[in-house]
Structure formats: structure tokens, C-alpha cells
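As C-alpha cells, the structure follows; a few thoughts come after it.
Labels A, B, C and D are assigned to the chains in the order they are written; within every chain, residues are numbered from 1.
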Amino acid sequence: MSDLRIAALGVGMMGADHVARITSRISGARVAVINDYLPEKAAEVAASVPGSRVAADPFDAINADDVDAVLLATPGPTHEKQLLACLEQGKPVLCEKPLTTDSPSSLEVVRREAALGTPLIQVGFMRRFDPEYQQLKMLIDGGELGQPLVMHCVHRNPTVPPSFDSAMIVRDSLVHEVDVTRFLLGEEIASVQVIKPIPNRGAPRGLQDPQIAIFRTVSGRHVDVEVFVTTGVAYEVRTEVVGELGSASIGLDVGLVRKSAPGLWGGRITPGFRERFGTAYDIEIQRWVDAVRSGVNVDGPTAWDGYAAAAVCEAGVRSLETGEAVDVELAERMGA
Amino acid sequence: MSDLRIAALGVGMMGADHVARITSRISGARVAVINDYLPEKAAEVAASVPGSRVAADPFDAINADDVDAVLLATPGPTHEKQLLACLEQGKPVLCEKPLTTDSPSSLEVVRREAALGTPLIQVGFMRRFDPEYQQLKMLIDGGELGQPLVMHCVHRNPTVPPSFDSAMIVRDSLVHEVDVTRFLLGEEIASVQVIKPIPNRGAPRGLQDPQIAIFRTVSGRHVDVEVFVTTGVAYEVRTEVVGELGSASIGLDVGLVRKSAPGLWGGRITPGFRERFGTAYDIEIQRWVDAVRSGVNVDGPTAWDGYAAAAVCEAGVRSLETGEAVDVELAERMGA
Amino acid sequence: MSDLRIAALGVGMMGADHVARITSRISGARVAVINDYLPEKAAEVAASVPGSRVAADPFDAINADDVDAVLLATPGPTHEKQLLACLEQGKPVLCEKPLTTDSPSSLEVVRREAALGTPLIQVGFMRRFDPEYQQLKMLIDGGELGQPLVMHCVHRNPTVPPSFDSAMIVRDSLVHEVDVTRFLLGEEIASVQVIKPIPNRGAPRGLQDPQIAIFRTVSGRHVDVEVFVTTGVAYEVRTEVVGELGSASIGLDVGLVRKSAPGLWGGRITPGFRERFGTAYDIEIQRWVDAVRSGVNVDGPTAWDGYAAAAVCEAGVRSLETGEAVDVELAERMGA
Amino acid sequence: MSDLRIAALGVGMMGADHVARITSRISGARVAVINDYLPEKAAEVAASVPGSRVAADPFDAINADDVDAVLLATPGPTHEKQLLACLEQGKPVLCEKPLTTDSPSSLEVVRREAALGTPLIQVGFMRRFDPEYQQLKMLIDGGELGQPLVMHCVHRNPTVPPSFDSAMIVRDSLVHEVDVTRFLLGEEIASVQVIKPIPNRGAPRGLQDPQIAIFRTVSGRHVDVEVFVTTGVAYEVRTEVVGELGSASIGLDVGLVRKSAPGLWGGRITPGFRERFGTAYDIEIQRWVDAVRSGVNVDGPTAWDGYAAAAVCEAGVRSLETGEAVDVELAERMGA
């Protein structure tokens, strides 16, 4: 099967990240067309992607014959029209949040897609793919926590751009917790209250930061969220679900931690090497492929490393027999 | 640039894993030729890889014109001849450990590669690519621990096959710690001592398990390793480096943990969303690409999820203004 | 100086615990008089305390010449009169929470004590003496977290008696977080809101559990508290303070954990043996004193243990010189 | 029963600590007689202990009629004679390590005590009383780890006095791990090997630091110990026991952590308030007793704190009924 040809619309920080990702780490796809409202930015990114071309107009990119699917990372206000163009062309689109800038226009997009009878739009709430959120979701859906009753979320950024205002904390930061709530609890949010604590004097003047949001879900569950975007510390995203049979937390820098009857806290050890070193294998193979394609051939342990390991293990086996310390005899170093 | 065409020799558990990895997650490569000493195994794996073919003879596979590089996951005793064939053909090869089954033959392979003047062989010590080992290596090389003096390693498996014998614990398990020691400390191991504690009664009869290995490096550093392959618990791999300025541990299920002056323990919080959610983004995009290629188009949050988030955020912004709880008004559910 | 003679009023679970504590672990005090509204309970406890006597009437106990101070662990409704009697007698009193059962009567007690011009009443909010709360208080007062902005508390019990009602969750459980808030933040609470999530089906019928309390302090700080008294798990009490320069948590089963710039998480290692083993020394000496007083003389390592340690260390010193393993020669076992 | 009258011999750092402990925190004992080879030191410490007197000669102190028991914290070389004097007098003695300075004299002390037929000597290996070691011992003895096979110990000091030499690392530091091994595993050590890694350049010239000790027990268990006394970091004492059914660690700054089938790691949450706040109660009561005895009367939450808590809880109960935020009305501050 041939590779999926993607048009990348908007190659600012987020879009350029995705282009690099598709080019260097994703199997079965390539970026074919690049568009940005800054033409020189589009040209710069395209130069780093073999076989890609620049499109001056985003709608031309969406309509192009050599484009199978669209990655939308343009500013929010342009999303509605671009999404509708994708729907008209019947082309799948991955749209970075927000879907659109208000709920009536979002609803209109939903309606138009529903009228087509086939799903084409995916929204970029990436946390649903994070291994820790996945584990937490499985725990909840598997009934291991019992019915969830309460959820506590923390969302902290070290800093934000000076242009950030109080409503953007809701729309750009809190929005992730909105999706996390809907994803983990599997139901809609019925009401929202935002509490304004004494603000951080280190925040830009006029910014209400931190904010505390209280969600009540349709079935009556309580969710509280601390959003604090000028902590000066680091990026901390944390979720704790409290259910009728115990609680579980993620984002504490220590993996998923459960509390369960009769009074135990802890997590799960990786059961085998696949779980422990699966990512290492992926990186190893990708880097080797990249090294061979670039003519370097080796980007990791060399034949000498293999030889030295063999020599040490032979000494080890002899010591296993004799109980004595055994010297390792190595030839003179050669090769890489 | 066209994809790298790989011959996979040996598609048992490890080799088949690598074939699936290259086919579904690695960018810029595909498995072109598959060989196994069990022809039906080779055929079965090839059936799952579009565009691949079976080679009845491993040397035919190595020599084939449509093969750019070789992935060697055959049993150890066949490695030497197959590696030499790769060297003769000038083809890069990624060889699963061991390089060969003894140090003289390993040294011969090193010599032959050195004679070529160009590196072609990489050995599959995958831990060097594990993010935690990478962090630990950076910490050491950056001088943050001062000169390393002592290293403690633990390598525990829940269980091993009945055929596992005491020497295999050295050659197949301890060998990873041999490479970790050489990688992290950047020098050769000068002597090895294996201590035999009272054996686990739950281990197969006659198996010396656990074993304690003591390495002394050329410069006089001390490394001790507990290898215990029948713990019945899980897969635990742990390394602590103790230096003149502090110590650091990985594999404690809590990320890298440091101890440093003046009396602090702890780790590093992810500085930003790229570090925290980079893997989530990779998974999101790969799954979306796979979904589009298979005609499903969406494998994640839908347009409805985007709409619902917009509606909740609008209620949040109103509450930010009024301080009151605000109800969320949603249209009737439609779409996916 | 002679020992403080204490009258213990109320020797139910809490009072009896305190009597045992004073008798066996507290220096400089003894329980002289015991009173309970169940005379047989008072007699039973008195029988376990050498030199104590039972008083039939609590006011007789307060007034007694051989009583220097009062420990009040009677039911709340009796507190007011008993506290006023202590004030009249000018006798110091440690009063288990609540001070009295409502705020007007509590205020009256405060007024009467203030009129005396000398403090006599201490209230039993014991968390202020917990080493973790003490550390957190020092961190805040030392300015290490900057100005506190937000505080998150969790208070979970595995189970409560069937008689527990929703208001008791406020008065008996939440009350501790009220004091913690006032203690840590050093200011009064200006308003309280209690949110009622979907209740735990495992709780007694009609009990609103969990409850979420929102405190706003006089200066505008935000505190949220989850109180959940039927978790079925264990006793979990947790506090996180989020300030302008970082955050700190206690009660996570891992000591106090801080997050601070530039992106670090962690805690403090005990600086020396006094901090690490201070409690061990206290227990060692108390148990030895008890053993000698009871005629057993030894309750810990024996002379043989001292001898064996000396023999092993001598072998160690020889090995330090020779580098070889040295056998330990022990005489035949004798003594305790 | 009257208080135990103790003679404290040697009031350097360790002895003075014990005198303060007995005077201020231990129930049922007091220091009656104080001796030190520096008379002014003895006088200084005695001045801080009501009712104590100085003895010019240690043997006079041991023999004195007003001494029931002896606390020996003199330098090691004087122990033998002083212990024998205690045995002659039939007086119980708590002897700080070492018992004596070599194993023959230690054995002689054991013999003389055994001849008396009654135990009188306890040795100050205080780790046996540490709550974490106690938990670990209970876990082992309860069979929860299965038969122990291997133990790993770490003993790190930030710094040592300049006079510390390599043999003192064995005799003064490693000796604790000797006792821990004997205590936890319940058997004697059969052989010792000390390994000398490349030494820390930050250690005093000539000091072999770190040292690695390898113990083999009589039944064949393996124990390794890292002793590193010039880390510059803090005081770290750590023990991991690896058994046939799992492993457990203490001293990781996170309480006792277990690894057990099927692949779980974690610890135990405090089951109730006694376990969580028992130490807080002890401190609360001791500080209150001290405050009353000194005439201060209150050293903790005041009546005002009790009143304020009542007022907040009343607002909470109203909010529980109405669901609204309720303001807290407080009278004007008065009292302490």
C-alpha cells in the first residue's frame, strides 16, 4: 500500500512539530503539500521534507489531487471554512484544537459531517493517547475503581506569553481538562463554575491566575481543576479519580499510583521486557534505519561492544564454576 | 528517498516483533525479504507484511539485489557465518545479541569488519536507547554526579524456560549489565566474580539462581549485579550510579531519581508539553494515519467532542465573569 | 520537680489512649484521677494506672487538691460546664475537640478565659504537632513557597459508625481541615461552600458522602477539601499548598514532596543519624527502662550480639588488608 | 512504682543526647548520677538535670546506692572494666556500641554474664527499634517474602571527622549493617570480604572510601553493603531484602516499599488515625505537660482556635443544607 499523502496547513510551532513527526517517525505517511499564511515559513519547512511542495492557498492544498488527508494546525478562526472544505472534498482531516472558535459554528461543522454519513474529522485532544491516561481509562472502564464519584485535576504551566488573558486560560488550558473529564467519565459536563483565588503577583498584570474550575457532570459527579499557568516551575498535569472502590492518580512523576482496599498504595511493575524496553527497541530500529539510509550504517553498539561482552561473559562463566574472580582478557582495541 | 529494504533473518519471537515494528511504526524502511529455518514460520510472517517475499536460504536473502540491509535475529550459533556474509556483501546488519557465541569468533568478526575500513555491524543492546539509561548517561557525562565510583545493578525476571541453565544466566541476562556497565562508565571491565547465594527453591532443579556478579573496571570502579530470573514477581531492571557528587537511580518505577548535596532527593518535572505528551502525539498521528489508510478515517476525538468542549468553555468564560455556576447547553447528540 | 498530676475526664477510646500515653511514654506527668460517666469504665482504666484513683463526679475531679491539670475527653455537650469549672479553679485543661458544641458557647468560653488574663485552655487539634505538618508550616513561614494562593486537602476514612450523619462529616472530619487551613495559612476563613457529589452507594443510606468543601480565606485564598469517610481503603490525609514560588505536598506516603523551579520534584534526605534514628533511640531507651523496672533487664540486643558484631568486624578489618574473604570464628553460643 | 535512677557514664555527644532524652521524653526514669572523664562536662550536663549529681569516678557511680541502672556511653576502651563492674553489682546496663574493642574481651563479658544466670547487658544497636526495620523484620518473620536469599545495604554519611581511618569505617559504620544482617536474617555471618573501589578524591587522604563488604551467612545467604562515609550529600541508610516470594526495601525516603506477585510495587497506607497521628499525639501531650509544668499552660491551639473552628463548621453545615456559599461570622479576636 502506498504512503498516505498529507497536506499540512499551518506550520507554526505545533504544525511544524507534526510535519517533522510524520517525516521522521510515522510509518505509512508523508507530507506532500505545505501551506502557511507566511509563505517563507511554508518554504522553510518544505525544504526539510523530501518530495514535498508548497501550496500558496490552503483551499488549493485541500483540493489537490496529490493530497489524501489534511492536518489542520492553522489559527482557530480559519478552522470552520477549512473543515467545511475538507468535508466537501470528502477528505479526512486531523484538526488541532479548537474545532472552531465558538459552539454554534462547531455545531454546524458537526451537522455537516453528520449529513455526509461518514466520519471525516478528528480533533487533536492528544491526551487520550497518553499511556498514563490510557491506563487510567482502562482502570475505570474495567470497574477496578468502582463507580467514579470525584475527580481532581491540576494543570500547571511555568509561563505563558504576555498576550495570554483570563479567558484564554479557560479556552486554551482548561479545555484539555474538559476533554479529559468527558473521556474518562464518559458523560457530558452539566455545569461549570470558575473560582478566582487571590492572583499570583508574578503573573502578567490583570491575568486571573490561578483559576479553580468546578465541573458537575450530568450524573452528578464532581470535578475540580486547578489551572495555574505562571507557576515558574514546570509543566505539571495531574489527574486523580476517586471511585467507590479506591482511587488512582497519574501525573505525579511516578506513573499511575493506586490506592485500594485493604489499605495499599502502589503501582504495577512492567511485566516483561516488551513493556519495559518497547520504546527503546522502537528508537533503536528507527535510528539504525536512519543511519543506514544516510550511509553511516551504525548508530549504536558496535561489533567491538559485542566482542567485549562475549569476553566478559566467558570470564563470568568461569567464575561461576570456580567461585574466584577471573580476569577479562581483551585483544587490542580495533574498529569503530 | 526510497524506503530501506530489509531482509529479516530469523522471525521467532524477537525477529517477528522487529518485523511488526518496521512495518507499522518505523519511518523510511520496509521488510522486503523474510527467512527462517522453519519455512512455514517465514511464510506466516511474510503474509502479514505487504510487498514482502520469503527466501528459502539466509545467504540468498543477504545477497539479494532487493535487500539494502539485514536484521539478524537467528540463533546465536549461525551469527558468525551470516555476519561474515553481510561483510562480504558490504551490507549493514543489525545483529541481535550475542554477536557470536564465543570471544575468539567475535574477535574475528571485529577484525574482518575493521579490515573493510567501514562500520557495518550494529549489536542489539537496546538499553542504550532507553530514555532512562539515556538520562543517566547524560548525567554522568555531564559531570553532574562527579566521577562514578560504584554502581549497583539489579536484573530480575519473573520466570525463565525450563531449559535455562546457570551459564545462560550469565550469557543471556548478565550480558545486558555488561553492556550497561561499559556504556555508562565508558571503560572496559577488568575482572568478574560470580557469587552463588543459597538458591531459590522455586527455580528449576540445579539452576544457580540468584547470582551476584562483581565487576571491577580497568580504572578500579566497583559494579555489583544481582541477577535473579525466577522471582515470580515481574520484570525489574535497575541501575544506581554512585559518584563523588551524588547518586542517581533508574528503574525504580518512578523515573530517574537523584540524591545530591545538600541532602536532596528527587527528579525532574517535564519542562513542557513536548516532553510530557510527545509520545501521545506520536501515537495519535500514527493511529490517525492507520485509520485513514484503512478507510475508517477517525480513531480518536470526534467533531462532537470538539463541539462539546467549545460549549463547556463558553460556560466557563461566562462563569469567570459572573462567579456563578453556569449550566452547559448542548444540542442533541449527533454524528460519531 | 515533681510530676504533673492529671485528672482524666472521659476514658472512652480517645481518653483511654491518652491515659496510656501519659502513663507509659510521657515524661514528667502521671494520671492521678480518673472519671467517666460509666463508673466501671473508670475503674477498669484506673486499675491499669499505678497510683491513680477514681472520682465519681467530674467536678470533684477538677476541684481535687491532688489534681494540677485536666485532660478533657468527655462527650462534646459536657465540655462547656467542665471548661468553665477548670477556669474557675485556675487549672490548665487540654480539651479534645470540639471546644463546645456551638460557636456562641465557644465564644463565651473564650470570653471567660480572656477575662482571667491568663491562658488555661488548649484544644486537641493534634495535626499541628505532626512532623509533616510542622515541616509544611516551616516551609510556608520561611517563604520558600512564596505567598500561598491555593490549598488542596483530602481527608478519607475507610469507614464510619452507622450513626454518622452528613452534618457530622462537617463537624467531626472537616473540622480538622478547618484548623489545618487556619494553622498553615495563618488567617481566618471568610466563607464556606459544601458541594454534594453523587454519593457513594457503599455509604449508609442517606449519608452525603463524599462532600467537597470550598473555603475562601479573608485575604482571598482558595482551599478545597474532599472529605470521603466510607472509602473502604484506609486513612488518607493529604495537604498540598500551592504558592507563588512552588508547591509542597504531605500525606502522599512519601514524606513532604516539593515542586520548585527550575522544574524539580523531590524531598529532603535526613541530614544525620539524629533525624533518621531519633525515634528509634526514644523507643530503645523507653523499652529498656520498662524492662529494667519490670525486672527483665534486657529488651533488645544482648551481650552476645555485641560479641558477634566484634568478631565480624575483626574479620572485615583483616579482609580490608588482604582483599580476600575472611571466615568469622565464633565461640559456642551462650547467654541470652 | 518509683522512677528508675540511672547513672550516665560518658556525656559526650551521644551520652548527653541520652541524658536529655531520659529527662524530657522518657516515662519512669531519671538521670541520678553523671560521670565523665572531663569533670566540667559532667558538671555542665548535671546542671541541666534537676535532682542529679556528679560522680568523680565511674566505678563509684556504678556502685552507688542511689543508682538502679547504668547507661554506658564512655569511649570503647573503658567498656570492658565498666561492664564487669556492673555485672559484679548486678546492675542492668545499656552499653553503646561497641561492647568492647575486640572479640576476646567481648566473649569474656558474655561468659561472665552467662555465669550470673541473669541477663544484665543490652547493647545500643538502635536500628532494631526503628519503625521501618521493625516492619521489615515482621514481613520476613511472617513469611511474606518467603525465604530471604539476598540482601543489599547502603550506608552513606555526608562526612566524617578527619581522624576517621579505613578500619573505623568497618568498626563504626559497617558494624551497624553487621547487626542489621544478624537481626533481620536471624543467623550468624560466616565470612566477610571487603572490596576497595577507586576511592573518593573528596575523602581525607589515605581513607579507603567507599568500601564494599560482602557477607555470607551460615546458611549461604548473600549480603552486600556499600559503606560510603564522605558522600557530601546526607545520611542515607537503606536495606533491601530479596526473598523467594518478593522483595522489600526501606530507607528510600518513601517508607517500606514491597514488590510482590503479580507484578505489584507499593506500600501500605496507615489504616487509621492512631497509626497516622500517634506521634503527633505523643508530641502534643508531652509539650502540653511541659508547658503546664513551666507555668505557660498552653503550647498549641487555643480556645479561640476552638471557637473559630466551631463557627466555620456551622457555616459548613448551613451550606450543606442550602448548597450556597455561606459567610463565616466571627467575633472580634480576643484571648491568646
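By definition in this document, a residue touches a chain if its C-beta (ideal position, glycine included) is under 8 Å from a C-beta of that chain, and two chains touch if they have at least 3 such contacts.
Just so we're clear, the structure is a prediction, and the values are computed from it rather than from any experiment.
Contact count check for A-D and A-C (C-beta pairs in contact): higher for A-C. Farthest from chain A in terms of Cα centroid separation is D. One simple way to say how far apart two chains are is to compare their mean CA positions; for chain A and chain C this gives 44 Å.
Chain centres here are Cα means. That of chain A falls 21 Å from that of chain B. Put simply, the C-alpha centre of chain A and that of chain D have 48 angstrom between them.
Multi-chain contact residues, meaning those touching two or more other chains, occur in chain A at positions 158, 195, 214, 216, 233-234, 236, 253, 259, 263-265, 267-271. Note for the complex: chain B touches chain D at residues 146-147, 149-150, 152, 154, 158, 195, 197-202, 210, 212, 214, 216, 219-222, 224, 226, 228, 231-234, 236, 242, 244-247, 252-253, 259-265.
Taken together, the chain A residues at the contact with chain D in this complex read 257-259, 263-271.
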